[in-house]
Each structure stands twice: as C-alpha cells, then as structure tokens.
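Here's the structure we're looking at; comments come further down.
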Amino acid sequence: TTLDEYETVGRRDRHIRLNVSGMMFETWESTLHRYPNTLLGDHARRQRFYCPETDEYFFDRHRPSFEAIFRFYQRGQKRSQHGDIEKNNRLVRPKNVPVEIFYLEMKFFGLESAVIKECLEKDNYTEPDVTDVELPTGKLKRKIWLLFDFPESSPAAKFVGIISIVFIIISIAVFCAETLPEFAESAPEFPPNGTITSHLRLLYSQPLFQAETACIIWFCFELIIRFYACPNKCTFWKDPLNIFDFLAIAPYFVDVVMVVANYHPSKTSGAVTVVRLLRLFRIVRIFKLSRHVKGLRVLGKSMIDSIGPFFLLVFLIMIAMTLFGSCVYFAEMEHPETNWESIPDTFWYVIITMTTVGYGDHFPVTAAGKLVGGICVISGILTLALPSPAIVANFDKNNKMSKNIISEEILEKRLRSD
Amino acid sequence: TTLDEYETVGRRDRHIRLNVSGMMFETWESTLHRYPNTLLGDHARRQRFYCPETDEYFFDRHRPSFEAIFRFYQRGQKRSQHGDIEKNNRLVRPKNVPVEIFYLEMKFFGLESAVIKECLEKDNYTEPDVTDVELPTGKLKRKIWLLFDFPESSPAAKFVGIISIVFIIISIAVFCAETLPEFAESAPEFPPNGTITSHLRLLYSQPLFQAETACIIWFCFELIIRFYACPNKCTFWKDPLNIFDFLAIAPYFVDVVMVVANYHPSKTSGAVTVVRLLRLFRIVRIFKLSRHVKGLRVLGKSMIDSIGPFFLLVFLIMIAMTLFGSCVYFAEMEHPETNWESIPDTFWYVIITMTTVGYGDHFPVTAAGKLVGGICVISGILTLALPSPAIVANFDKNNKMSKNIISEEILEKRLRSD
Amino acid sequence: TTLDEYETVGRRDRHIRLNVSGMMFETWESTLHRYPNTLLGDHARRQRFYCPETDEYFFDRHRPSFEAIFRFYQRGQKRSQHGDIEKNNRLVRPKNVPVEIFYLEMKFFGLESAVIKECLEKDNYTEPDVTDVELPTGKLKRKIWLLFDFPESSPAAKFVGIISIVFIIISIAVFCAETLPEFAESAPEFPPNGTITSHLRLLYSQPLFQAETACIIWFCFELIIRFYACPNKCTFWKDPLNIFDFLAIAPYFVDVVMVVANYHPSKTSGAVTVVRLLRLFRIVRIFKLSRHVKGLRVLGKSMIDSIGPFFLLVFLIMIAMTLFGSCVYFAEMEHPETNWESIPDTFWYVIITMTTVGYGDHFPVTAAGKLVGGICVISGILTLALPSPAIVANFDKNNKMSKNIISEEILEKRLRSD
Amino acid sequence: TTLDEYETVGRRDRHIRLNVSGMMFETWESTLHRYPNTLLGDHARRQRFYCPETDEYFFDRHRPSFEAIFRFYQRGQKRSQHGDIEKNNRLVRPKNVPVEIFYLEMKFFGLESAVIKECLEKDNYTEPDVTDVELPTGKLKRKIWLLFDFPESSPAAKFVGIISIVFIIISIAVFCAETLPEFAESAPEFPPNGTITSHLRLLYSQPLFQAETACIIWFCFELIIRFYACPNKCTFWKDPLNIFDFLAIAPYFVDVVMVVANYHPSKTSGAVTVVRLLRLFRIVRIFKLSRHVKGLRVLGKSMIDSIGPFFLLVFLIMIAMTLFGSCVYFAEMEHPETNWESIPDTFWYVIITMTTVGYGDHFPVTAAGKLVGGICVISGILTLALPSPAIVANFDKNNKMSKNIISEEILEKRLRSD
C-alpha cells in the first residue's frame, strides 16, 4: 500500500545543525536541498553563517517564524496520490507571528516569490511590489486616465471625481423628482401634428429635462474621454462599471428619438411596458457611484463571493414558500374571512412572515393557520440567520484586503519613473 | 485516597532521548511501550533511527506535531475512576498544526487506525481511505444504482438527476396551480350516475391532471427501478428519502381510486379533512429535492443536531405565551376595545410580538397592556437570540464535514476496480 | 520609585535544573521554595526525581502544562502595590492544553487545592470531589428529600417528578381555560343570601375548579412533605423556588375564603384590581417547572448574570423613547391626522418601532416624522444588537458549567456511604 | 534592489548567550545594543546576571514573554522604505501571555515607557501610573471640582450626583407632561394688553413651570460653580457635555423673555417652527445623564469610533431607497390601488421594509411589486447585518478600556498627596 512510504529509513546523509538565536534545529542535508535556490538550500550562500567551532549554522533571526519555514523544508514538494488531503501543502504563517515579521523572514531565507505570494494571500495581504495596475502608454492619455480613474493621484483628479459624484446625484434626483405630481402634471403634451422642432423646443423648455441633459453631457464626455485614454480598448468593455456608464446614457437618447419620431405607444400595447422599463433603466447610474465609493466596491465583491450561501438562502425561502404556503392555504381555505384564494396567493404572506416584516395585509385567522404561521416565523428567523455569518465574513475579508492593497504607492512610484 | 497515584516514583527504567529535528524529548522506555505496536513503542522499528554516537533517536519530522504525539504516550491508556474528567483522553491535534500535516505525522509514527480516525473526526475530517459506501453487487444493478443515486458518477447520471429535478418542480407547480381560481373553477363535476369510464375520461381530460400523471409515472418508474437495483432491500426503506418518494406517489392513487369508486365525502363529515390532508401530503415531494441539493441535506442534518436548543426555544416560547398572554389579558380585560376574549386568544398575539412580526391584527390599547407588550418584545428578541448561534454552528460544522468527505473519489476507485 | 524592585540582583542562591521530558527549565532554589508544600518546593519530595549523573531533576510529564506551572513559581505570591493590575496573578491554563490534562499535572506537582479550584473555575470546571450538596441527616427524611428533589436519584424519584410536571401543566391549562367564553359564561352566580355550604357546593360542582383543587392538593402535599424533609428549615425559605411553590398555592385559598365570606368587591372599587392581580398570581406556578427543566434554571442564572447589559439596554430604550418620542411628537403635532396627543403617547410607538415590531397602529405621516421614524428604527436595531452577545455568552457559559458539575455521581457516592 | 539588505553577513560581532530559566537564546552583541538604555542593551546592567562558568547571562524570568521581547531586539528600529508594511513594527504581546505578566517582564528588562505604553494600548490597557486627569490648583476649587465631577471621590460627591440625576429626571418628566392634554389645555392665555408683571405672575402660577424653574435654578447653579472651579476655562467649553449643560438652560430664558416681551408668533409665520424647535431643544438635557452613567459615555465613544461602518450603512440604505423605491414605483404605477404617487413617496416604504418594521401603511399589491418587495426585505436584512458586528466590537472594546482605566485610584493618590 501507499503507507509504506511514510516510514523511511532513519539514517540518510549529512546531519546539519541550525542554531536560530539559540533554538536548535537538526535535519539531513537532503531535506534542505529540496529547495536548492533558497538561502538554506544553497550550500554557498548558507556557508556564510557557518560556525566551525560549534559545527552549526547560526542565524540571528526570529525563532517562531523559522519553526514554520523549517517545516516547509521538511514537508517538501512531494505530493501523495491523495490529491485533496495535500492541497494545503504550503507555507503557513504561525498564528502568533505578525504578517510583516513573517514576510521579512521569508525574504531573508530567500524563498521563492510564488511561495511568499501564496502565503501572504492566505492572510489577505498583497506583496508590496506587485504591479498589476495597467496604465496607458502615451503621456497625455496617462494623465487623462489618472485624472478620471485615480481620484487619489492628484488634487485635480479628486476635483473631477467630486464633479462626477455631483452629476450622478443630480441625475438621480431628477429621476426621482420627475415622478412627483407637481412635475408629472406639468409634463408637456406633444400635439400630434406638431413639428420635430416644436417638439424638441417643448421638451428642452422643461427645467428637469434641462438638468438631465446637463448630466448626460457630462456622462457622455466622461465616457468618451475615458474610452479614448483607456490602456486597452478590449478590456474596457469587460469592466461592468463601463457597461453601467453606457447603460446610464442610452435611455436619454431613446427618449429624444421617440419625441423626434413623435411615437406614442398606445396604453394597451406592450410597448408601454418597454418604454417604462427603459425609463427605469436610468436608475443603473446609481451604480456609477461605486467607482467613487470603495465601500460599494467591497460590498459588490462580497456579494459575488457570497453567491453560494445567497442562493441556498433563496432556495430555502422558495421551499418554505411552497411548504408553508400550501399548509396555511389548506388550513384556512374553508374559513369565510380567509385572505387567500390560492396557494401562489400565500407566497407573499410567507415571505413577509419569514422575514418578520408582517405588514398585516394578510394573516391567518383559524387556529390551524395560526399554528402554521407561528412555525413559519420561527423557521424564517432560523433560516435567515444561517447565511448572514458567511456574508458578513466575506465582507470583512474583502474589507481587509482592500486596505492591504497599496495602489496609491504603486501609482506614485510608477509616475515618478516617468 | 486516589490522589496517591499521581506522585509516582521518580526513577523507573531506561532513559530514552528522542531528537526530533533538534528538539529534545526525554522519557522512560516504559512510557513508549504503552503502545507497543507503534514506531516508537516497537524496539526493532525505532532502532533504525538510533544514533549511537549521541545515544539518541533522531527523527527529521515536524516538531509541533510531535509535541502532541509525545503527550499521547505520556498519558497512556490508564483511566482514573472519575470517568467524566478523563473522557477526553485522546490524541488532540495542536491548534497551530494543519490537519494534513498532523495526519502524515500520525501515519509516520504508526499510531493505530482508531486513534487516527478519532483525532480526524474531532476536526470534522474523514480519513481518505474510508469505504462505507455500499454498492450493489451485480453489474447491471450497479450501473442503474450509480445512474440514479450518484449524479456525479457520469454525465448520464447527471442528466437523469436533472430530469428528476424537472419532474419534481413540475409536480409542485401543478400542485400550486390547481388551487388557482382559473383551474379550481373549471374542475370537473362528476355526475353521480356516471360510469367509471366516463369519470376517468373526464379526469384525464384536464391538462393539470395530465401533467400530474406524467410526473407520477416518472416517480413510480424511478422508485421501482431504484428499489430493484438497491444493494440492500431492508435498509432501502430505512432511508427517509425513500419513504418520501413513496408518500409523494400515494395521494395520486387515492385520488384515482376515489373517482373510480365515485366517492364524494359530504362537506360536514370529517372525511373532507382527511381528503384535504391527503392532498396536502403531496407537498412532501418537495423533500425529494434534498437528494439532489447537498445544501438541503446539510441543513436537515443540522436541524437534527440542533434538536436540543430548538426544543428549549419552543419550550421558552410556550412559557412566554402563557406568562405574557395571561398578563396582557388581565391588563386589557376591562377595556371595551380589547382584542382578546380569553387567554388562549392572546397566544397568537404573544408569538407574533416576540418574533417581532407584529401583523397589527391585535395590539394592546391600555397603558398596562402596552407595558406588558414592551417587555414581551424585548424578552422575545433576547430569547430568540439564544439558540441561533448553536444552530448556525451546527450548520457550519455539517457544511465543513460534507466538504471533507470524498465520496466521488472512492466511487471512481471502486468503479475502476471492476 | 516602586520600579526599583523589578531589577533584582542577578545571582541569588543554588541553581536548580528541571528536565521535563527533555525540556530544560533552570531557576534558583528560592523560587521553588515560594510554595514549600508542593512537590517542587519540598526538598525531600523532589529528591526522588533527582538524577545525580546529570545534576538535574527529571520529570516524565507534560511539557506545555509545566511551562504554566513553572511560571506560577516564578511569579510567586508577591503583590505589587498596584492592586488592580495584579488581580489576575493566578495559575492560568495554557489555551492549547486540555483541562483534564492540566488538572492531572497540577495534582502531580501537588499544588494547593485553592489554586487548583481557582484555575478550574476560570474554565467553568468544578473539581470532581466537591461536596457542597446538603442532604438531611435522618434516613427517612433523606429518602423523601431525594425522592422529591433529585429526579435522577432513582426511578421512583423520576416518577414523582413526572407527576409533578403533569399537575403543573394541568393547573396552567385550567388557569387558561377559565377565561374561555364557554367557561367564563357558565361561572356560578352566588346568590347574595345563599349559605356558605350552598356556595361551596356550587363552587366545587364546577369541573375546572375540581381540577384546580386536585392540583392544589398535590402542590400542598409536595410543599409540606418537602418542608418536613428539608435538611435546613431556614435555608428552605431562602430558595426562590420554594417561595414560588407557596405563592402558587395562596390565591386558591383566598378565593375559597372570599366565597365563604360571600365577599363581592364592587366593580368600581380598587378591590377588583387586587382580586384580579391575585388571580394573575396563579401564573407563578409556571416557574415551578424550573425545578424539573435544567434549561430554565440555566436561563434564569444567565438572566441574573446579565443584569448589567440588560439594565443598560432598558436605560437606552428609555432614553430613546424620550428622545425620539418628543422629536416625532413635535414633527407631527400640527398634522390633522397625527396619531399622538402628547409625548407619553409616543412612547409606545417608539418602542414598537425600535424593536422592529411595527404593529401599524401608529405611524408618522409627515416627512419630518418619517425622517425621525427612520432614524429611530436604525438606532433601535443597533441598540438591541449591543447586549445580545453578552447575554448569549452568559447563557453559553452557564450551559457549560451546568454540564461540568457532576452532582449525580456525588449523590451516588454519598448514598453508598450510608 | 532593496532585497539585498535582507541577506546580511552571517558573522558579525561578539556572540551572546542568554539563559532565560533554561531556555537558550543566542544573538550578536550588536543586536542587543540597538536599545542601549535597556537592561540587555546596557553592558553594565546586564553584567550582574553573567555566569562566568557557563559564559551566559541567566535570568529567572518568564520564558514565553521573553520570546516576544527578544524579537523586539532582533527587529530593531530599522525601517525599510515600504512604510506601510512596517507600520506594525512594535512590541507585540504573545496571545498566550496575560497582560499583567507581560507588563512586569517589560518593566524588568527596562524597555522604554513609550514602547510599554504602545504595547498596553493595543490590548486596551492603560499603564497604572498614567496621570492625565487635570485637577484645579486651589484647595477650595479642587474640593468643589471633585464634589461635582467625581461622584466616586466622596459620599458627599455621590449625594450631589444623585441630586443632579433627580433634577434631570424631573425636568424631562416636566417636558413630557407639558404636552399631556390635561396640562396643555390649562396653559395660560396671556391677555394681549396685560402687564409684564401680570404675565409673569400667570406664568409662575403654573405647577409645571414652577418645577421647571426649580430644575433650571439647580442646572444654573451647577454650571456656574463648575465653571468657577474648573481647572482650565478654555478646555471647559470644549467638552460637549458642558455645551449640553448650557443648551439645556437656554430655552427656558428665551421662553421667559418671550412672555415678558409679550411676543406671540402668528401661526402661519416660520417663527412658530423656530419656537417649537427651541422647545424641542430642551430634550438635550437627557444627554446630561451621560456624566453620571458610564454606559452612556462608552456608547457615545463607540458611536464615534463606528462612524465609518455607520456612514456606509446610511449610504447603502439611501442607495437601496432609490433603487427599490423606483422599481416598486414603476411596478405599481398603473395599479388603481397603488399607495405611491411618486418615487420619493416610496422611500418611507423601502426603509420600513428593509428594517423589517413593516407598519402596513403601504405595501405592494401587484405581483411585480411583491417581487421587488421580497428582494428588498432580504437585501435589507443582509445590509443591516453588515455593520452590526463592527459596532458591537467597538462597544466591547470601549467597555473593556473603561474598566482598565483606574481613575479613582489616581484621584485618591493625588488627593492624599495634598
């Protein structure tokens, strides 16, 4: 069997003694040679630390850190055939050693970059000299790019960012205000036989539409100039934030085109729904804020990471809806004051009850219905408590990682290198 | 007293020195001989690691792991008469050593399988070469069994699983749709003097009943073929999932039989309730999903593990119902607008208040009633916070265990061995 | 200054080397003599472990445990004048050593009972041979006491416990049922000129009162026999559970006396309230359950331990009530549809909003009121999240302690010793 | 590159061996000299611990503590150019060493005060002999100051504190009672042609105004005498509690002045709002309680510390309001029973739904609206779960810190030194 390999021969090759600040480590030379490109694995490099009088290598280094590094040599690259139990075979930082100390020790003993990086990532750290931010090559383009995409890079960039936020907020306020009765009632009636010019003049005479137009001009300007300056035209459209930028603009032009074309969907046709959805689409510009608010980006990333527990939650809620919904329906179906006409009718009741919202628009009135309702509430509380810890944990993790990235410093360095 | 045993004689037998990568461990030979079938306890096996020049046994192994393994020898099998304080006398993995490293060290030092298994279980791990999945012996039966019970075993099995999920969802949708007014109103009226054939024709002319029949055919087919192929006919019916499979089918046939027998329970008799319960029973087919969704199985197991805190919660809620219910009843009993006619009437109010649902169908109107209501809400919030952590912890634990089992790999191996 | 004491002279007295399974500890003899009654502090006792060839004391004991025990000697009893920073100067179990191992090591090295007890208590453990359960001296009394107070002591005691629970549940059910319209309407009308005997006959003819009487007879019997058998008549009445026993009986006799005295408080007088409170008092018998359900006792103890965060919570809620109540009152006072006539009127709204119950009987209708309401909800959610962790932690702690007490075993031992 | 610095030459200067209770530490003399003013760094001071026969320095001190102190020497003051990864380069207490033990070890080895303080702060501890409480210099002033600001300093001070609390509670009760219909209706009507004296007489004849006046007299007296006795007139007004003291008094005098001036703002003018806000301002006196209740101060500090997650929460709620509000508006806009006239109208619905309050004054009635509502609830629950842990953690931390400050003892000492 495969277990024979565990009990290797006791005696192998040259015995080596490492004295790390007084703590003794002994091993075979072959163990150290498993990583020949490191300080310990390379005979020439480690020789500088050799003390002939005591026949040991003396290192005035951190002892608890070395305990972990030493284990890394002992375990080696050898992987058994049971892939999954060995998948964690990597350098693990001892819990009582701070990251920055362990980082310096790994550097001192010359471990490979990949090993260091993997170890840091496990602690949600990024190595300081990582260089994964792509910048445009042209000098003008780079300046524009930094101005619009890196608010921390200069006071001017900060100012541009603030302008951008102001326009986003204005455009959302306009979007909300349009539905207020004061404005909705004073909306222009386009005479069916009016000319395009008269229509446009009427449209642009409205103060809310003027404000909207100003915002759209800025959004267009921003999107075009950023597309011009972006380091890579292809990856530009892969960033969902840029897609949102585009989608935030589109409905405006559809609106204008519809006025120009003097198109009025009849109220009964499905086109009304499409037009309304298109208007609703303008709300995506709220996601443009996430370019400026780090907390939103962290939250978005956490959402994506928590997709597993989130789907389980949705799935559990759907099962509970069917289960409790049909139970409460059958319990109440004969009662004259029952609120529910069918099982799908009870779904709303179940979700509002499980989440403990309880609007009071529907509630059971029979004893059996109340029993089902009580069980439903308690199940809901317990069900909703399950995924929360995982999502909170993901948020914390992403929050920490976002703090350990040091993009500004990289930026500074790279700008200085121009 | 029994405490005399603690202070044993200092000097015993041969002194043994173990050098584990430079860390010295010293003990008596008798300590190591407590487990004579292990590497350290067996004189011949450990002799290979003996260094005569230093009179010590040298092991190039993981030091923190050995600290725990060494303690295992020191403590030995001896159990004092105070059973409960010794119940944890087993090998404990140090917190700072990863499971897979400790596993390899336990293997190296040749500890017994039972000890290793117990230690791994404590960490929610299962040893990789565990073989507790029972498979049928015949080749055809095995193929069928894998096809229906192990969706990961082959693409065909995955396809069968998806078909199964689709049928479950359709049958639940039919169940819900039946209660919609559109369908409920068009339900057939069986003429009292109609023949069986005409009744059945009428029944099977309904589209919903046709869909239901299709699902039932698939469920029957699945259950029969799985029963045919199952490795053990007795344990088959011990699995609650198979019971659910059966219960999901039964109501259909009762329905058909009732139509054939032209039996219509009079509205006033209790038989209506039985028939309605039978129809409600069809909802158990939602639990058939748990065969296909691991999250549901984990949740089910967690529920069973959390039965203790759950019962305490139910018990506390019942006490609170009686306590706050009677207080609020007496506080409000003289008020003309009181909502409650008796103490049992207030139970629904108390549970809806403690869980912070608050439909608003009942609420206190007097000052005394509001005081009781306020205390009731706060008690409820604190009471419901008590069991949640335990249930969440159980879910996490079961979730981890479900990931550390490696059934697919075992399956593969066992299939290859055919 | 007082800091001079820290830098003591380096060289003191005889150097002592302790070899604990290969790990070397060195100290001065005076350090060990700080606790002269222990194994290490007593020259004669420790001499048995002396190895003259290496001039060291060899102990084949647990190394991580000894690290903590050794520190205990080094720190000694000396207390600096800064009382508060030294208050934790006691033996602390290292986190990575299980309690039962550390217990045996403390026993081996002969530490004082007080030190061991203090150390175990910190871990919510009780030493196995604790003897704080008081039992009556007479043989008959002891048998009765065990029968009624220790359900685990014998099957008969378990049976008595179940009878007791049944009677408690019956009496609570009767209490609730009395208020049902069916029974409340058939309550007897005592004719003003009736004789005592006719009144009593009428009273005892009611089925609910008969059931209540049966329960009261059992409760009286139980209380009297337990009082007769109790080991200490004084401490008997100090136990709140016994007070509850008495209070659960009292209202019955007041009722009977009132019927006998033919006393009917006029509806307008305050005596009605007193009578009603007396009737409500019967609900305290629900607390009699806590003698039989350990979970309730643990909860009660946790409540008492959590009195601090609980009072802070109540205090915060009261401040929030005044603060948000007056804000919402002033915001809504001019609105014709306002729900609140005064600030105290808004208190109920605030508490129902902060706890997210939201019955919907009151809600703000002005923009300012809605703003206050929104802030109120969020403050409430955050406020209520503060004390929950402390209360949950106390519950967990008490839960663990209740499991680590081994009363049954003690009982057995003490009974055997008769 | 900068990585060259890591691999320093092996051999440097004199090798030094430190024996800490049997655990050996070896290093170069230059490492110890990095902190020349400490026990180890100063040749003369450490010489007292030198053992010539073994050529080592022997310290009978705590070993796990020294592991951390030794690392402090090894790392030294050297800072690499990557500022941010070194920012934590300070003395870190090992998790398994209690604070008070580590404190004594740091003191013994003579580390600098700044280092000790920084290390203690990380554990939420304050060094015992910190002296940051400022006291007035004059003897009388000091006595007054202690009387009013340090309730624990003497029984008289405690009594003054209780009087203060009683007056605060009375004044808040008066504030609330004024709005009760009983009192509001009996409010005096000042005849437009009345004299100032008659107005004042009318005003002061009201019992509530008399009670209010008594409170104001005490508040004024307290504020004036505390201002007289305060150690620093400038910092006095920087303390928000003193500002609250002033703001709690001001509205009273405005009220009196308005009566004297016979000023009655017309109901339609904005002055009514100002007057009402001024009256509402009296509620700030509730914050005067925080001088007397430590829990409130801790909560206030935690709020300030949690400003980050709190703003993120508010921001997320606002985004959710816009997002779900517009979705639910568009979903329900065509329905005849819709509750919402515009998007801003739905904001209240969204916040009441996300917080699971659910008054039931607004709820969706269409299927699309219910879908949006359901998503809204679940988003709300998850969103509100995010900042709670951070706020609870801050509260816990501040709670611990408030317990580790030992102001009373300092006070005693400083008073004794007079």
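A, B, C and D label the chains in the order they appear, each numbered from 1.
Assume contacts are C-beta pairs under 8 Å (C-beta built on N, C-alpha and C of every residue); 3 or more make two chains touch, one makes a residue touch a chain.
Computed from a predicted structure; not experimentally measured.
Of the two chain pairs examined here, B-D and A-D, it is A-D that is joined by more C-beta pairs in contact.
The best fit of Cα atoms from subunit C onto subunit D calls for a rotation angle of 90°, in steps of 5.
Per-chain CA centroids place subunit A at a distance of 31 Å from subunit D. The distance from the centre of subunit B to the centre of subunit D, each centre being the mean of the chain's C-alpha atoms, comes to 45 Å.
Of all residues in subunit B, those touching 2 or more other chains are 23, 95-96, 356-360, listed in ascending order.
Across the complex, subunit A is touched by residues 3, 6-7, 9-12, 15, 17-18, 23-28, 31, 67, 70-71, 74-75, 82, 84-89, 92, 94-96, 312, 315-316, 319, 322-323, 325-327, 329-330, 333, 341-344, 353, 356-360, 363, 370, 373-374, 377-378, 381-382, 385-386, 389 of subunit D. Across the complex, subunit A is touched by residues 356, 358-360 of subunit C. Contact residues of subunit B toward subunit A in the complex are 19, 21-23, 39, 45, 48-51, 57-64, 95-96, 98, 100-101, 103-104, 107-108, 110, 128, 172, 175-177, 179-181, 184, 276-277, 279-280, 283, 286, 289, 293, 295-296, 299, 313-314, 317, 348, 351-352, 355-361, 384, 387-388, 391-392, 395-396, 406, 409.
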